[in-house]
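After this come two complexes, each holding chain A, first together with chain B and then together with chain C.
The block that comes next holds the complex of A and B.
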């Protein structure tokens, strides 16, 4: 009897231990995978829209058209610490459109109106040019078409806007459709790191 | 008014009279000699574009100007090195607070003006290097709007300082004491009379007129003191990615523009029509 119990107990404990070990291992694997997960990302130094030296060409929108996600997983992201906070931002305005009564371009650049412009601090009513402006990209609207990225890059802008894959949208399909279409091989595999 | 290109000085390379990696500032003296602030040296050419001499500066040099007595002032990070015309160091002004990145130097009423891109202002010093006042600093934005990272200006025959304020698409006029007198210029994306892009003009020179350069697309233009566009000096000749092209004018009206990509100084002269 005691021998049977012992065997049963031993088997039970062993089974439970195996399950726990598997769960722990699985959790550890998931954490490790998330921390060092190899994911797709856009290399700004290769991307046609942000790489230096490409001027006078149309913005590439393959990130928008090729992604398997219905509204692409790629977004334009403004790195505010690099932004010039200009009164007339070429990524916000269509700078070749007619000038309005305020002396500003009359049209916006973004086809989805995804960028907002607001003065930092109190705008000078006598001279609106007398101010810095913050440009914020609404990621619910942005589809990564790259037009603002192309207009922001040096030498026209300061290159503060770049295309980024958002991992909450990317399905990590491994055979990233954008990477196959990208003419500059700008979609690269990188380790995803958490702070 | 039209201009034609008459010379190209320097160019990228390691040979005599060529520039290695950077060409950030140029100046022309009364005799027509051309001074280039390139890499960590000053390169001096005669009026015909022939190399005369070159000498090293202690740091990378961001600007150059020639005083009436022939002394050569060179703008660097946190300091101005002053050389005689032979290239011998006379003295160094160092000021970590008032001299950040010195991207322009000029002279007015015996004083020295330094464009401090770090402080987004023009600093006025007396001839001994004692600070007197700021120009372009006292406004709600605490300085000139220079996303390009360069403060540049010129001084006219009446001692008025004409400073580029590219974020406002203007050239502003100041007294040496720092009082804002007015401005020329406005934004326009297609009309050459306006300044395009996010932030132009980037660089300014003044003699009988206001001369300035723009980036994206790079070009040099001439305005009257009333702000009327008189000429587009050139556009196609410059490297497409040029920015912050230093500009100078000699007493014959020849315009010198530093191409920051080709590392060459292009010289243009007015053509009688």
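The block that comes next holds the complex of A and C.
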């Protein structure tokens, strides 16, 4: 054993040392290069559904159909502070449907019925129907089809609804399937922002 | 002269206006001024604007937890196999890994796929990877240099799910086994070629990961079919993806050549009965000795060894 030790063992140790040193070098290089976590985000100014000027075209639902996780990692978010709280919300109602007896469109726009509408604030005694309304999008129901986003912008809406990534669902694919399909390259990788 | 100057200045003004107009057109802010939307005051009735859910990325301590779990699981795996020699405990670990790395983390980030990210980050100056990915890639390799493929046994979610479905192992003829084993190096080369090719890389390993769609419980039908076929074949042929296709398995096999320790067939105590050879579904025991580059740390040989069972009973 001791006679065998010198050469074989030395070579073995040298080889192992070299491999480990190479790995350490590679890892060091990568760590030095690493600049924090990078995550996917939807650029609202590029997204076909939310960008200005895209009016009268069908809403793009690639975020729903392309995402690799079961319920898309993209969903619509209503930024309440920017919401117009309209009585006839073009994102809540299908404004091309027939008007019912209440004077409101009879159909809803959301195919998954993910938006709820409730009157808020002080009621107007003269005209009780003339209220402000709060529109809340159900996280669990929304699959990011973008129909409401397309409607809530100029000229009808204020653009308070935008598509966003839910990071509890996003698995951060190497090549985000949505980004490959997106016609406007609206899915971008950005450095992680700490809130 | 003066008319000329006037014309020039008119041109300049037009140009200036055009440029500014174009500039303005480009810089129209997406956000409308907030005061057009009714705020709490104008809504009245004590209304409070509800908070908007801000999507936060997976927090960094949870990412560190992933690396910690990976390191701990590999430690446990090597301890269970090398010291405890317990197949039962290893199966429990495999179930845990499928649950955590598979169904909870939905198969990402895994060392197998990270080959591509590491290769791209090493060569492309504009691309970098988070430290978590670097650690995920190197930890199992370092482990392999010391104790062999401890990662493959009960830690890798792809390996573990195949380990769990292997019910009736059939021996693959050694020559065929060896020939098919070369496929993984071809696949490694192909994956590197596709990810490094200049006109936009494609991540083949992730795209054709046969089990990730099960972990995510959704996926394109052809991948679910392929995954199902691998699992079905895996009931009889021991871990077909690991042995014949896994490119990371190829890297690990190279690293195990330097390993000092690993699964050994009970030195100085064996009966030469050959039960372990029959028990090994991966053809990793040749001439009554474990072949480290093929050994996948499943501990079946220990479970089948009459001597070993006796030793465990005695201790």
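In this text, the second predicted complex is superposed on the first by the 150 of 195 C-alpha atoms of A that agree within 3 Å, B and C clash if a C-alpha of one lies under 4 Å from a C-alpha of the other, contacts with A are read in each partner's own complex, and residues count from 1 in each chain.
As a working rule, contacts are C-beta pairs under 8 Å (C-beta built on N, C-alpha and C of every residue); 3 or more make two chains touch, one makes a residue touch a chain.
From a predicted model like this one, the values you see are computed outputs, not experimental measurements.
S.K.: On chain A, which partner's contacts cover more residues, chain B's or chain C's?
M.R.: Of chain B and chain C, more residues of chain A lie in contact with C.
S.K.: Go through the superposed model and pick first if A:132 touches only chain B, second if only chain C, both, or neither.
M.R.: Touch partners of A:132: chain B and chain C.
S.K.: What is the contact status of A:96 with respect to chain B (first) and chain C (second): first, second, both, or neither?
M.R.: first
S.K.: Between chain B and chain C, whom does A:174 touch in the aligned arrangement: first, second, both, or neither?
M.R.: It touches chain C, and chain B stays clear.
S.K.: Have a look at where A:124 lands relative to chain B and chain C in the superposition and call it first, second, both or neither.
M.R.: In the superposed model, A:124 contacts chain B only, not chain C.
S.K.: Which partner does A:158 contact after superposing on A: first (chain B), second (chain C), both, neither?
M.R.: Once the two structures are laid over each other on A, A:158 reaches both partners.
S.K.: Once the shared chain is lined up, is A:84 touching chain B (first), chain C (second), both, or neither of them?
M.R.: Touch partners of A:84: chain B and chain C.
S.K.: Of the partners chain B and chain C, which touch A:104 in the superposed model: first, second, both, neither?
M.R.: It touches chain B, and chain C stays clear.
S.K.: One more residue to check, A:52. First (chain B), second (chain C), both or neither?
M.R.: After superposition on chain A, A:52 lies in contact with both partners, chain B and chain C.
S.K.: Just chain B (first), just chain C (second), both, or neither: which does A:38 touch?
M.R.: A:38 sits against chain C, while chain B stays out of touch.
S.K.: Using the superposition on A, tell me which residues of chain A are in contact with chain B and, in the other complex, with chain C.
M.R.: 52, 84-85, 132, 158
S.K.: Can you tell me which positions in chain B touch chain A when the two form their complex?
M.R.: 139-141, 145, 147, 167-170, 186-190, 194, 196-199, 215-216, 218, 240-243
S.K.: For a test of understanding, state which residues of chain A touch chain C in their complex under the given definition.
M.R.: 12, 15-16, 19-20, 23, 26-27, 29-31, 33-39, 44-45, 50-52, 68-70, 77-85, 120-123, 132, 134, 136, 139, 158-160, 164-168, 171-175, 192, 195
S.K.: Provide the residue numbers of chain C that touch chain A in the complex, in ascending order.
M.R.: Answer in residue numbers: 28, 30-32, 34, 36-39, 43-45, 47, 49-50, 52-58, 60, 63, 106-109, 113, 116-118, 121-122, 128-131, 134-135, 138, 141-142, 145, 201-203, 206, 216-219, 255, 258, 260.
S.K.: Over in the complex, which chain A residues touch chain B? Could you list them?
M.R.: Interface residues on the chain A side: 52-53, 55-56, 84-90, 95-97, 99, 103-105, 124, 129-132, 154-158.
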